[in-house]
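Should a chain be cited, it is by its letter among A, B, C, D and E, assigned in written order, with residues numbered from 1 in that chain.
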C-alpha cells in the first residue's frame, strides 16, 4: 500500500484557532482589567489633546476650588485644573509602569535565558548576582539608584526597571529549566539546530507567556513605585504632573482639598487594579490547566 | 421503572438477556445515562444513553478509546463528576434498590467508600503525599464505621496484609512517595476494599504500570473479588486485560455503548464495526500476520459529531443513514447487543456492494 | 539535612560578597558629599577636612571597601556618621521594631489572605470569588503611603481611636504598643494579603484538581474535611514557602510604612541614612537585610522540606 | 506631667560642639544652659553669666558667672568648667564651633566665677555665638568619657534620660537647676516626625502638645480648630535664590554675568503671591537678609513690587530676548510650590525656567561645585547680623555658593565684624546692601517664619524669632 | 521475518556504552544512577531493531546515547564505522541529518509556538536542502507522505490530535532524508486504533525510504509485530538480544520469560493461571550485586548473587546474559501461545479489511 493512502486517515481537524483569546474573553476579570487598562491608555494617548486647561500654568484666582462644572475634578494648590493634570499625569504614570517593566524584561529575560540554558558557571554567576540584587529591598534599591541617576521621570523608570530586573532573571531562568527539558527542545537538538536558534525559536517563545503575565503584574508594582519615588521627590519632576507626584502634594491638603487626593489616588488604584486583573486573567488564559 | 412499561426499549431487552444469564437481579443497573458538559455543543453528550448492569461477584469491563466517556460514566456513578461543568441530563442508576442519581449529596457521600468504592488510574498521584498510607486507609474506615482511630488502623493493617504488601506494619506509617507504583496501586485497592464494598469501580487500574506489575495487580484484584464476591466495573482500553478478567463487556465509542455482551461473545463474535476494527488494530502476539487492519481517522471533535451513529465517519460499512439515524442497541443473540444498522455484517454487508 | 543547609550557606557567601560590593558601589555612586551633609549649616572648611580624614573618605575606593569589609567581618560595622551611635547598636535597637511590624503585618496578611484564598478557590467562578479577588487586589493597588495617611486622618484625627504614629516598646506598655502598631501593620499587611490570597487561591485550585482529592472524595469524606485536611495541607507547602519569602517584601514595604507612621525601625533608618549619606548606616543595614533575606530564603527551603513529606524523608 | 513636642526631623549628635542641626538646637535649649540667652526682641540676657563686659578695644570679654549652678551630674559649674568648654570647642578636631570662635585666642579663669576671653581681634559677633551652642557649658567630667554624645551632661533645666534614634529624646526635670521653680514639666519628650501632615495629625489626636514648623498649607485648618493654638513668629532667617555669578562655567550665562538680568528676575517675582498662595500669609516678603525685628533692618531695602514691563525692559537692555535657566531646590512640597510659582511668573517676562528638585545632600555638593544656575536656599538665621550676610556674600564665605566677590562689600562686612557699636555697624551694612541690591547675588524672597502649634492645654508658650522652644514658665492649664 | 540487510553491513554500533547520572543529592549525598551500564549492540542497515524493558531500565537513555543527544559516560558509538564522539561541529551537523528521533509524547515533542509547516521545514532550512517554493513543496510532500493535509501547514500543534502530532513528528524526522530513525516509544501514548495507523505508517516509510529503525518500546506485541531483532534490557543492561521470532518462541533469559508470561492474552477462552514475577524493579541507583535480576529470578542460585553474568553468544547467534540459560531453557517458553482467532472473528476481520480498503480507494485517487 502506498503511503499516500495514509491521507485517508486524516478525517477532519478540530477548529480551535484562538483558544487563548476565547478563554481570555470568557474570563470576566481579565476582560474588566483589560478594559480599565485600555481606557487609561486611551486617556494617556489622547487625553492631553482633550485637556480643557493648561496643566502647568498656575492660576492664582482659582486656588483649591472643589469640583464644579468648570473644573470637573476641582483645582490644585496653585489653581491648576485637576482634570487636565490627571490627563497629562496618566501619560507619566503609565509610561513609568510600562517603560520600566520593558527595561526589566529587556534586560532580565536575556540574562535568565542564558543562565538557564547554558547552566554551569554562567548560571552560577548570574544567579548569585541576581540573589544579591534581590537581597536588597526593591524600594531601597530603586531609591538609591534614582538618587544616583538624579531625579527625573526617565531616571525613575530606569531605576525601577533595574530594580525589577532580577525578578525577571529568576523567573526566566526557572522557566527555561522547565522548557529545556521538553522533548521538543531535544528534538531541535536532534536535527542539529545551533544553541542560538534553539534559544530564539524554541525556548524564548515558550518562556514568554509567564513572563508577560509577570510583566503586567510588575507594571502595577512599578506604577506604585513611581508614586513612592515621587513621594520621596525622585519621580516625575515638577511642574509636570504624574499621579504619584499629585498625590504626594495632595496629601498636604487632605483636609482642606480632599478632591486633590481622591482623583489621583483612585486613578492609581484603578489602573493598578486593571493591570492586576489583566495579568491574572492572562495567567488563567495562558495556563493550559485552567478550563 | 422500565419493567412495568409495555414497550420494550433496547435496554430492557438487554435486561432480559442478563436475567437469563444471572439468576439474581443485578446489583447495579444503569439505564439511559447521559452526561453533558457545559462547554460542549448543544445536543452532544459526552456520555449518551448508556445502559449496562453488573451482578454480584461479576466483572463488567468497559473498553473504548481514550475520551470515549469511560471515566465520566464511572465518575457519574460515584457522584464525583465536577458539577458544573458536568451535568447528568438523563438516566437512572439503580443500586441496591435506590436510584443513585436522585440521592442527595450527603447520601451519596455516605455510599461512597462504603457500599461502592473506586480505584483510579494514576497510582502515583491518587494518594495524598502529605499523609501516611495508614492514615489514608483508616480515614475511610472511620468515616463509615463506628470505630476508633486505633481500630481503624488495625483494620488498615489487615487490609495491607490482604493486598500482599510486605512488612505491612512498617508500610502503615510510610508515605506514598516511599513506594513504587505497583505498591501504591495495592494501597489504593486496600483503601477501596476497606469497607467491604458491594461494588468496586476500577478505572484503568493497571494502565500506568509495567507488564509484570500489571499482571500482579490484575491477579490480586481477581483473587480479592473471588474472596469477597464484590461486583466490579473495570475500565480499560487494553483488550488483553478484558479477555483476562471480564465476565461481561461493554464497548464504548464516543459516549455510546456500541456493543455489549458476555466476554466470549465479544471476542469470538464481534458485531460492531468498531469492535472489529479494534481487534484488527491490535498486533498479535503470534507470528506476524501482515499489516494491521486500521480504523481510519480519529474520533471527530464534538462539534463535528454526527447525529446518528457516531462511528459513521470512520466506519468502512457506513452510508448516509448511519450518519443521520442512531441505530438501536439491537440484540444479536441473547445478552449480546450491538448498536449497528448492519449487524450482523455478513448478512447485511457480506457481498461487496 | 545539615549537609543541605551547609551547602546553602556556602552558596550564600558569594551572594553576600556581591551584595557588599553592590551596596558599596551604589552609595559611592550617590551624588552628594557625606561630609558636607555632616558639616552642617556653617560648613567650616577645617571641619570638612577633618571629617574626610576621620572617615577615610579620601582613600582609594578599594581601600575603603576592604577596610569596611575587614572590620565588618570582626563584627564592627562602624559608627553612624550622623549620630555617632555604633551601627550595630542601631541595628540591634531597630531590628525588634521592624520585626514586630513585619510579624504583625504578616499576621494581618495571613489572616486575610489565606481564608480569602481558600474561599475564592472553593467558590471559583462565583460572585464570592470575584469579590474576594477585587478586595484583595485593592490592598495591592492602593499605595501604602496614601492608605496610611487616609487611615491617620480618619481613625486618629477624626475618630481619635488609635494613636496616629510613633512607637512604644511592648516592654513599656504592651497595650499601647499594640494600639500604635495596628494601623501600620494593617497598611503593610493588606498589600501582602493580596499576593498571599492569590497564591493560596492558585495553590488550592491546583491541589483541588489533583487526583488525591478525588480519592479523598471517593472515600466518602465530606467537602469540609476534604478541603481543610487534604487540600489545605498540600496547598500549605507553597504558601509557607511564600510567606517566609514575603518577609523580603515586608521589609521593602516597611520603608514607606515606617516613614508615614514614624516608626523607628529599619525602613526609616535606611531611608534617612540614604538621604543623609550616612554611609556606615546604609552599608550596615543593607548588609544586615541581605543576610536576613538570605536567611529567609534558607528558612523557606528548609520549611519546604519540612512540610513536604516527600522531601523530609529523603533528608 | 509630660510635655510632648513634635520635631520636624531627628536631631544629630547631642554634643553642642559637634552638632549641626536646627532641631538639635531646640533640644539643647532645654538640656544645656549657655552663657547668655536672647530675648524675643534679640537682646542679650543673662543665663549662666549674670553680667559681662568688653575689655579695652573690644579685645577681651569678661563674664561673671552665676553662683551655685550645678551640672546634671552634680559637679559645680565654675570658671574652670567654662574655660574647659570653650577650649574644647576651639580645639576639638571635629568641633563645628571652631569658626564661630575663631577670634578667641585664650580663656582665663580669673577666679572661680569670673572668666575672661582674650581675642586676637575685635569680634562683634562673639556674644551672639556664645548665646548659642558655642556658649553651652557641659560637665567637664562627663566630657572626658568617650560616649558623651550618647549621654550628654549639661546644666539646663532638663536632664537627659534616653534617646531612641528616629523615635524620641526624653528629658527629665533637673531638680537642682538654679531656676527650677520656673520649669513646670516633669518630662519633655521630643518626637521627630518629618511628615508635616502626620505631625499635625498627632497634635490633633492628642499625642503631642506642641509642634514646630507647621506646613503653611495647614494654617487655615489649624486656625479654625478650637483645640489648637497657632503661634507663629517671624524668624531671623530667610529664604532666597542664590545665583551663580562666579562659580565655574555655569556662571557664564546672561544671568550670571549681567546684573540687569538678575534684576529682571527679581522684578518678575511677586513676593506677595508667594506669601498668600504658598505661605497662607506667614511668608512676609523679604528684600534683605535682616529680619524686621533686627535693628539692622532697613526699610529702604524693601522688596520691589512686581514689574513685568520693567523686567522686559532690563532684559532688552542686557541684550537678551529670553533667558534659559535651571532652578534647583530641595525636595519639599512648599519649596516646590514656590519654584513652580516663580517659574510661571518669570516666564511672563522672558525667563524659561526648568525646575530641578534635588535631595538635599546632592544639592549641597552641586552647589559647592558650581553646578547650578539658581538655587533656592534657606537660612535659619543668626542673632548677629554678620551671620546672615557675611558667609554668603564675602569672597571666601563658606556658604557663598555663587562665589560672588566684591572687594568693597568684603571690606564693609569685615569692618562691621569688629565694631561693637550698633549705629556704626548699621551704617556699614547699609552701604554693603546698597551694592548688593544692585548686584543681586542673592534674591531674598521671604522671611522664614517659625510656625508653632500647640494645644489649648499648653499655657504661656512664647515663640522666639530664633525658632527655639524655651519652656520657662510654660505649663499645662487645668 | 526476512533479514533484508547484509549481516555484515552494520550501520550503527554501540560499544560498551555507559551513562551515569549523578542525580539530585538535594538533601542526601548525591546518588549515581547507572541508567545505561555497559551496553554493546550493533544495528544492521535496513532492519528494525527493538529495545524492550520495564520502565526506568534505561531504554530512552540508550536511544539518546546512540544519537549522541547526551554524552556517554563511557563507551563509544560508531556510525558507518566511525566514532560519532570525535566528530567536529560541521560533521556532527551532517550526522544530525542521518540520524533522527521520534518521541513518545506527541504533546510534548512539538514546539507549541511554531506552525506545522515551519516545524517540518526547519531541518530543510537548517541543512540548506531547499528554499522558497521548493521548500514549501517539500513540506507539502512530506505532509502528504505521513498522511496529513498540506493545507494544514499553517496550523499549530495544539490543533491536531495525538496521532496527527505523531505524524508531524515523523514528517520532521524525515525532512532531512535520514538513514536511521530512533523511535522512543513512538506509539505507547496512542490509542489502539491510532497506534495501528502509526505502526503501518512507519513500516511503509521504512520500505519506501530504506530506513533503519530503532524502536524503543515496552509493548511486546508491538515489538513482535514490527521488529526484526530485539534487545531486552534490565536495569541498564542488555540481558538478551535475539531475532524476534526466536525470542518469542523460545525466550532464554528468565527475565524475558517472565516478561512474556505477564502479557495478558486477548482471548478469553485461554485464561490460565500464570507464574508471576514477584516484587518490583530495584532502583537503578542501587542495583543488586551479581546478576541484577537475581532478586526477582525464580531460578536464582547463590552464584547469581555474586557473579555478574556476561552477555554470551549462543550457538544459534543469540546473546543472553544468564549463568544458567542452558538449564532453564523452555521453563517459561510456549507461554505465549495465543490461540488462533475464532472462525467468526477471522471471517469478519477479512470482511472488514475488504471494506476498509474500499473505503480508502476513492480518497487515494483524489489529488
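Convention: a contact is a pair of C-beta atoms (placed from the backbone, for glycine too) under 8 Å apart; a residue touches a chain by one contact, two chains touch by 3 or more.
Being a predicted model, the structure only gives us computed values, none of them experimental.
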Where chain C and chain D overlap in contact partners, by chain label: A
Chain pair with the higher count of C-beta pairs in contact (A-E, B-E): B-E
Distance from the mean Cα position of chain D to that of chain B, given in whole angstrom: 91
Centre distance in Å when chain A and chain D are each reduced to the mean of their C-alpha atoms: 46
Chain B and chain C: spacing of chain centres that average the CA atoms, whole Å: 54
Separation of mean Cα positions, chain E and chain C [Å, integer]: 54
Of all residues in chain D, the ones touching two or more other chains: 197, 359, 362
Where chain B touches two or more other chains at once, by residue number: 291, 294, 296, 298
Interface hub residues of chain C, defined as touching at least two other chains: 30-31, 149, 153, 275
Chain E-touching residues of chain A, taken from the complex the two chains share: 1-10, 13-17, 19, 182-184, 186-193, 197, 201-202, 205-206
Complex contact set, residues of chain A against chain C: 28-29, 128-129, 131-141, 143-145, 147-148, 150, 220, 224, 227-228, 231-232, 244, 247, 251, 254-255, 261, 265, 268-270, 272-273, 276-277, 280, 289-290
Interfacial residue positions of chain A with respect to chain D in the complex: 56-58, 60, 63, 77-78, 147, 150-151, 232-234, 237-239, 248-249, 251-256
Touch list for chain E against partner chain B, complex: 1, 54-55, 161, 163-164, 191-197, 199-200, 203, 218, 220-222, 224-226, 245, 248, 258-259, 261-269, 271, 274, 276-278, 280-281, 336-338, 340-342, 344-345, 347-349, 351-356, 358-360
Of chain C, residues touching chain B in the complex: 210-212, 214-222, 230, 233-234, 308-310, 313
